[in-house]
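Here the structure is laid out as structure tokens; the discussion comes afterwards.
Each chain gets a letter, A, B and C, in the order it is written, and its residues are counted from 1.
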Amino acid sequence: MVDLEKQLRAQAKKLLEDKAVDCVIGYENSDDPLMTTPCFITAPNEVDRLVLNCLCGNNLTKYLIGRKEKTAVVAKAWDVRSVAVLVKENQVKRENVIIIGVPSLRIVDQKKIIAHLNGKEVISVILKENAIEVQGDVFSEDLLIDDYLQAGCELRDDIDDSMFDIVIGEMPASKQNIDDDDLIKQLEAMSSEQRWEFFKKEFSKCIRCYACREACPLCYCKSCFVDQNFPAWFSKSTDLSDNMSFHIIRALHAAGRCTDCGACFRACPNDINLRVLNRKIAKDIKELFDSEPGLNPKEDLPLTSYKPDDPQDFIK
Amino acid sequence: MRNPYVPANAILSRKHIENTAKDLQTFEFIFEDKKQAENFDFICGQFAMVSIDGVGEAPFGIASSPLEKDFIQFTVKRYSKGILTNALYSLSEGEKLGIRGPFGNGYPMKELEGKNILIVGGGFALTTLRSVVKFVLHQANRAKYGKLTMLAAAREPCEMLYREDMAEWSKRNDIEVVQAIDKPAEGWDGQVGFAAEVLEKMTPDAKNTYTLICGPQIMIKTCINVLGKLNFTPDKIINSLEMKMKCGIGKCGRCNIGNKYICKDGPVFTYEQLLKLGAEY
Amino acid sequence: MKILEKEKINSVLDFLAGQYDLVAPVSQDGLKFEYAQVKDSSKVNLDFTNSHESPKKLFFPQYEVLFRYYADGRKEVPALETDKKRVIFGMRPCDAKALLFLDKVFDDAKYQDPYYLTKRNNTVIFTLGCVSPQSTCFCTSFDIGPFAKDGSDVFVADFGDFYSFEAVTDKGEEILKKLSGLRDAAGEHISKYEKLSRESAAKIKRHIELQGLAEELINKQDAPMWEQIHLKCIRCGVCSFLCPTCHCFDMIDENQGPQQGARVRIWDSCMSCGFTQEASGHNPRPGGREKMRQRVMHKFSYIPQNFDTFGCVGCGRCIKNCPVRNDITKTIKKLRESESREKR
């Protein structure tokens, strides 16, 4: 990991010294030992602030939207795919961005660690080869990274080469699914009543802060449907039906575009399993259209393009 | 405890198109309940929240005079994105809506007694200034105030507000009315030039004179420069501000500039006060 | 000061639940705690640092009907008064202090907010001193501290084997008289109490320097540092929603069929995109810089100027829950260390 960090800093330094970019968006340490924080490096002598490790969760490509200056961004596999979608949707100019890809970097799910520790506060961490040592007031424990990986966040060996301007670390040899597809299978196996109970439990937690939307790189609409008051699509209350309307419409709006980066899930202050709808939709789209967003920038997005052999079974 | 969020019902008694561009109309309301009308005691420069059930609420400066007890009037500019204003425009006379208020501080009409008043209004920002003119010109009040001068500026003739009022005021000898448009136009017999230029030509006397000014930011800034040259001090330049508002009573948190809430501490401020508000102004 | 043996706490809670609407901390998973109305002591869990969402929602809910309107113009305000008084047991001192600030907003000299004030007047607050503050806490910067009593009616502290109960207001005194099982504190309890109070305060390491801050920020409204500190903020508003003092709201009409509807107020945030957007298209605070500045200035300069108190109580929720780990204490520090204007 230290090596990757060194490489990143060197690359960032070169980009800034050569004036190839105005800014490198990466991660630096925060006061929260379990999470880094985004940073905007604009001078070569600041590159040592950059860190790169399993605590680099945020999808930084959100910051590319609307940025005029030439920018380099540190991107994990699924973040790279976000850029591809944003370029496809004309939100980001590809030539304005230098993608510093970290295709093999995996991240831990802070929420899993907190749950494991039963809410005991972590005061510091030591990053090791395959583990992180978490230290609290009166405890210390080695946690294997593999046991706490964030669900979703797939490593891919099939992202188009053109999406990487700089590669830090190895390309993964194969597709690695760090996933709770089990949950999708479980959901699919549930009766509709059980499924309803599941979603009821999740979406009743929503306080309608819209952090999921603001964290999502694909939520860039100037005026979001949920903010429209006249006519309103549904109430702004936290009643279950209104919460559900919001999340279902948002999931459908991200359908065929979502790269399962987990930004919504990480941002949610109330730990709603926001990924599950997106994941299921992504699975269906893959089955129906044999398409996964952001893997190939030349390929059109499945739900905004038409092919003569698209399945038409739904027309009855 | 009085509930400051519940509006009083009012009836739209008259709609009146104010300019030839037809995007400015005066809406006249009568309170359904006589008591509400009596309670609605306001001073020039105050505003009220006007609402249509099911559409929403928005703040508008009161354009009628406090002495016009039978009704209140608002002049409203129509914006394509203004949800409430569009709904207002589509209302017919006799339909119901809600009014909350009056809110804000208003112009210092007491303090202005014995003083000359210079009014500078640009575009449709003239509305609460009309209230002042009507109030001062009222026979019960006219003797209390000194010289009354009014500069009404608009970009084009079709945007000039209150044509009938202006025509009537122009006939009087106790008010000087100057109307100006930005560029020459056919059939225009008033002044031509930006408000600040026309104001400079008017060379108003700063002695014992207060200026009430409303309009677009750029107009205000240029006019204030001219007034400074003419020795008007910031404490005698009075300005009314606008911001998006929801509650009107200093709680919902969006209409502040610096530490002042426009709805509660304003909308009327002296230029001296505004200078202290800092970067946001 | 009164003393209650620890094993008797449930009978006190049961008594309160019987006499009043009792609101107390509960947790589904042992990780996140929320205040909820309970029927008895069985679900109450006092083994918590602080609630995840702030208790402001008990007085100023995320969504509240102001009145219903009908096609004939009739307006109907929902009943605000309730039959029973409400007791909140286990609020933290920072959150209780925040209510004192909200009181100033919703009960100013000119306009009283009946929705907030009815709930407020109907509630008795038992605060629970903090013995294990978190690393994100910085209440001591505001002279609050884990054993501060401002805003409490009754102050409760947990000593491991017993609780202390102390009436702070007349309202508290009155209710304390009704509780059985309490006995007078002895000298040893008082000294233990003072020791615990000191030790708890010493656990709070995070600090924000407030001396002269309100005035300094006025001079730094144009500081170049604003360009830096807003960059990573994604303007999601989690900070505002979880904050115990943030009180900005929106008012909207919600139609329920053609014949009726309700004007409601919902929480809003200075971070949200439409907060100051005007119908004309003009937005006086269009970007991240202006929005971030508004939030910081409101809490640390405008509110102090207007209310002689800060718009922050150091609860740390905004630090702990920010998706990009923006840290208000660091933001203030950076601003204080920065130049007022660009060096020429």
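By definition in this document, a contact is a pair of C-beta atoms (placed from the backbone, for glycine too) under 8 Å apart; a residue touches a chain by one contact, two chains touch by 3 or more.
Note that the coordinates shown come from a computational prediction; the quantities given were computed from them, not determined experimentally.
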Distance-maximising chain from subunit C - centres being C-alpha averages: B
Central chain (by mean CA position): C
Whole-Å separation of chain centres (CA-atom averages), subunit A against subunit C: 31
Chain centre separation (subunit B, subunit C; CA means) in Å: 39
Interchain centroid distance [CA atoms averaged], subunit A/subunit B, Å: 51
Junction residues of subunit B, two or more chains touched: 55-56, 83
Two or more partner chains touched - positions in subunit A: 229
Residues within subunit C bordering two or more other chains: 250, 252-253, 255
Residues of subunit C that touch subunit B when the two form their complex: 66-67, 69, 73, 75, 77, 105-106, 108, 110-115, 117-118, 218, 221-222, 247-253, 255, 261, 263, 265, 268, 270, 275-281, 284, 294, 297-298, 301-302, 305-306
Residues of subunit B defined as touching subunit C within the complex: 1-7, 9, 32, 51, 53-58, 77, 79, 81-85, 96, 98, 242-244, 246-247, 249-254, 256-259, 264, 278-280
Subunit A to subunit C touching residues, read off their complex: 30-32, 35-40, 58, 62-63, 114-115, 118-119, 121, 123, 207-211, 213-215, 222-224, 227, 229, 232, 235-238, 263, 266-267, 269-271
Subunit A partner contacts - residues on subunit C that touch it in the complex: 29-32, 49, 52-53, 62-63, 134-136, 228, 231-232, 234-238, 240-242, 250, 252-255, 264, 266-267, 269, 272-274, 319-321, 323-327, 330
